[in-house]
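Both complexes below contain subunit A, partnered by subunit B and then by subunit C.
Then we have the complex of A and B:
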């Protein structure tokens, strides 16, 4: 039993953290809501109660998965690039610009638009990567600042050059149908991009754990001095990890545009890049676990949105509940003492078992 | 004489499940020098940390001067009269000697201001009383390691320590500095102090200690009067089998110069010549040992030789090929292996598995990866790693175990296994057995000897003079970035002969 507990400690800790988070949320809801039963139902079961809400849940997970992967790759290389948000935003903006100004058959248009967006994001990852590799600037600061640059360049591009004046609000022209990602579940907006995101997660997993370049990335992240000592070209790795990250984040933003809105309609940054940081940390930078953590976060987000729409609980409260759960999961020291006590008992038991032989 | 300190059935388990002390009981007699010896990982340091209040035992009792005590932290220990000199000295480098000595017990004026005059008075008085000459106004960072250690001891004395623990104090000292330390320790004993002396150098134990406790695998094997045991008996108890102490410097057949360094100099960022015009050659089938006190340019030299640092001038050759300025990978592809001086810094990735650590220099080569070497072949890697684990006697449950779960000796064996299995013609080994147990040390020494007999040229840098003397075919001595002596025939060379060169007192023309 105790061996089992030790082996699955991280998983058990996550479950306990979620349970505590739920209990705290229940308490908060009971304190501030006039109809707590209904509110709780909206929050925790809301995403499952209708087909369209379930669709919302799945489609929200997709860009979060992309961004989680985009963050996990540089993180695995030991590079704290948090520029997924900016790469996603500017990638989608440039991709949209390219999409609305070109005409070709769908089998070319879709991949090309994705590619243009991806390359833009890749360039956005290249900047902090190169600066870090060459002059040891902090990729954290640079990527963070570049998020603002991306935001304003993206807005400028869409609002001044590709704005659909007929639409009545600040959005781009609609993408031609040849650049749409099909929504394939009727009654929802679940689109091909969801499948692409899952495909990317599997690909990135394979890339990190089964290719030589993935090994170089992970080894540099484990210990960069060791990587250099072993002959790995660390300069290259630092840049490539961030380039790939930017590429994937931008694809995530572009699929969202192509699959759901069919035009660029973000006037504030959507925040998926930050969710990406959260799910990468919860999923311990493992692409397959990132799928799970993204679904979890998307579920919370959609539940929160429903709660906000239908109940008397303010949106701020919902954010607080979400934060508590995330905080508990990411706190390394949470339950560490408990783990230690089990370890001590295990070690003692083992010693007693060995004793007769000496 | 009574016991100043008694430990009864101490048990300590670390959070990672390692049981460092298993029912340890030791009595320390008052006014003696009591040595505690054992391989690394035997639990010596843990036990000392428990006495000094830095670790809490799960079980067991401590009696100090006959009274049962509960030492919650090092402050408690100091108040009781226990002082400790750690392996890694704990001094503030930017403060002066006097300031360090007085840290935490500062005399104050008006309760707020430092009483500088009093500080000098107090520290002078203490250094006179115990015959410790130190320059009180010098900055700690300007002192040699030996002097720093004296400051540490004096610091303990000024806090009225009756019992002083020294954790491997001689591992960083030259033979001459060790002599001075031993003289002071004997003086302290004459002043009525009790000393616990941790070491794995048996010669020193014989020289200085009254009593010796041998620990192995977290347990006490025995406590005896030192004069009842000889070195071999102690070693036998430490590892549970016999150990070979003989020098092995007779090389079978020495070939042509294989690894040649010409006029190598290195100017540091601080504009100091860390290496000055270094010249040497290592021939196939020999081990060239470098003796020297640490910090005299050895680290930089090894880094330059392995491509991790760029020389300011000079050339490096393998045979006739000039490899100066090559990247670490290109140097490795010239069949140069590198055992780094600090395995945890760059010898391993501690959170990665043994397999991932083994392949760092070869993952991109055939068999380890396929399809234009883009995809790793984990099956082959596992098999390869398991072969090495067996051949190099690495103690681990699996090749997929994380490095951090291994003991220091086994981690070093992973490093050595990787480097020696890369089929090298040149080995650059820096501190190859630092801080590891006698058993692993012997294994690594034998491997280096075998490599030598197979015609490999080995460049050995070690702060452990015994190791240099035991393994080398020839020896050079480095001091302040210069080669100050060369010994081609080392039959009659002892640490006494090398000492003055290492300290820069003597210099020998080429």
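Then we have the complex of A and C:
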């Protein structure tokens, strides 16, 4: 039992942090809501109570998975690039612009639109990556600034050049059907993009843990001097990690456009990039765990939205809860005393076991 | 003369620069103080947001400007303390912890905004107070200078005083000396008996203190209401401003002023038919370019120094 505790300590700690977050949310609901029982049911069971809500839950997870992967790769390389939000936004905007202004059969159109979006996002990752690798410019600040630049340029592109004036509100023209991702579960909007996101998670897992470049990325993140002395081209690694991150984030944004709305309809940044930071941290930058943490966050999100709709509690409660969970998970010393005591007990038990033989 | 140049060379334009620089300056001082101790605080966004919110709410419910000021400062310092607790005591990565606190601030302000006003956008449905503007007696009468310098919000003048306070604190007090020592060489500082964690905590508290004024100014001076996420990245621009100024008092001031000028230009050329999306992105693009130039110069300097050592 204790060995098990030690081995999975980080995981257990994450679960405890999540439990604390959930307990706090229950407390908030009890304090604020007039019908706490009903509110709690909406929050925690809401996403399961109808097919369309369950669909919402799965759809919501998809862009979060993409962004979690997009954040995790630079994080694994030790790069604090938090520009997934911007890459997603500008990638989707440029991809949409390309999609509505071209016409070709679906088997070409879909991959090309995705590619255009991805390359735009990759460029968005390249800027902070290059500046960091070449001159040690803070990728954190640069990627943050670029999020705003992406937002404004993306809006400009859509609102001034691709705006569908017939639509009545600020949205782009509708993508031609050849660029739609099929929704394959009736009664929901679950679309092919969900499957693509899972595919990417597996690919990224393989890439990080079973390829040379993945190894180089992880080594650079672990200890950049060690990596450099070991002959790894750190310059290349830093840039590539952020380029791939931008690429994946943009694909995430584009699949959302192609699969759900079929047109660009974001007037405020959707915030998936920040969710990506959250799920990457909860999932310890491991692509497979990121699938789980994204599902978890999406579930909470949809539960929060239902709660907001049916009761008197704003959905922002979820933002508060997720920030508390991140704080607890990143706090290295949180529960460290407990781990220490188990380790000591383990060691003592071993010592006792060895005594007769000496 | 072309209308753009005409409006840019007007005293109103200089006045606007000072107005938009104020929140950046407070935040940049907050960032610089934390950076000097070696633990850079990227949570100014959240600190300002939460102070802006509580200032408005407290002033609306108590009708007291003093209580709003004190409350706003206390929550700002509280955020600094929270960051310090998680970073220094619980060993969380300071960048991730600050990102989480920014999220926390964004969430909790909208949450309570809704609870208090049943509106998730702005607090305009409740009446809150603003800090008064000051007319400076004699300077007010001077033709152009008076128009530029007099008549600002009282917090704007405090922002300028804060630069001097920051200078005094860092160079003239023992705490300032310790903050610099901890930032430059923590091992050396520790060897002469400085408690590193305590000094870093103080610098984060100070960071929260200065940041809170930036927030209070935004919602109770710059405008007279709170709106969701109203800091709009100013806490992040402040990081760039402080970095540009090398975290020194005068440099930080000039860095903030630089971004203030860019912002003011963006506001002034907006009515000329240039899409506002472009203009709004300008300060952020300039930040990236300025940061890049700054780091290029820094890396050249480093290269030259290492060459000299080789010789």
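As a working rule, the second predicted complex is superposed on the first by the 345 of 358 C-alpha atoms of A that agree within 3 Å, B and C clash if a C-alpha of one lies under 4 Å from a C-alpha of the other, contacts with A are read in each partner's own complex, and residues count from 1 in each chain.
The rule we apply is simple: contacts are C-beta pairs under 8 Å (C-beta built on N, C-alpha and C of every residue); 3 or more make two chains touch, one makes a residue touch a chain.
For clarity, every value in this text was computed on a predicted model and none was experimentally measured.
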item	value
First (subunit B), second (subunit C), both or neither touched by A:323	second
First, second, both or neither for A:218, with subunit B first and subunit C second	first
Subunit A residues touched by each partner, larger count belonging to subunit B or subunit C	C
Subunit B versus subunit C as contact partner of A:137, first or second or both or neither	second
Partner chain in contact with A:27 - subunit B first, subunit C second, else both or neither	neither
A:309 touches, of subunit B and subunit C: first, second, both or neither?	neither
Which superposed partner A:228 touches (first subunit B, second subunit C, both, neither)	first
Which superposed partner A:210 touches (first subunit B, second subunit C, both, neither)	first
Doubly contacted subunit A residues - partners subunit C and subunit B	336
Contact set on subunit A toward subunit B in their complex	210-213, 215-216, 218-219, 222-223, 225-233, 336, 339-340, 343-344, 346-348, 351
Interfacial residue positions of subunit B with respect to subunit A in the complex	11, 13, 15-19, 22, 58, 306, 308, 327-329, 332, 338, 340, 345-352, 356-357, 359-361, 363-364, 369, 373-376, 378
Complex contact set, residues of subunit C against subunit A	42, 86, 89-93, 95-97, 99-101, 103-104, 106-108, 110-111, 114-115, 120, 233, 236-237, 239-240, 243, 275, 277-278, 280-281, 284-285, 287-288, 291-292, 294-296, 298-299
Residues on subunit A engaged by subunit C in the complex (per definition of touch)	32, 80, 82, 127, 131, 135-138, 140-142, 144-146, 148-149, 151-153, 155-156, 159-160, 274, 277-278, 281, 314, 316-320, 322-324, 326-327, 330-334, 336
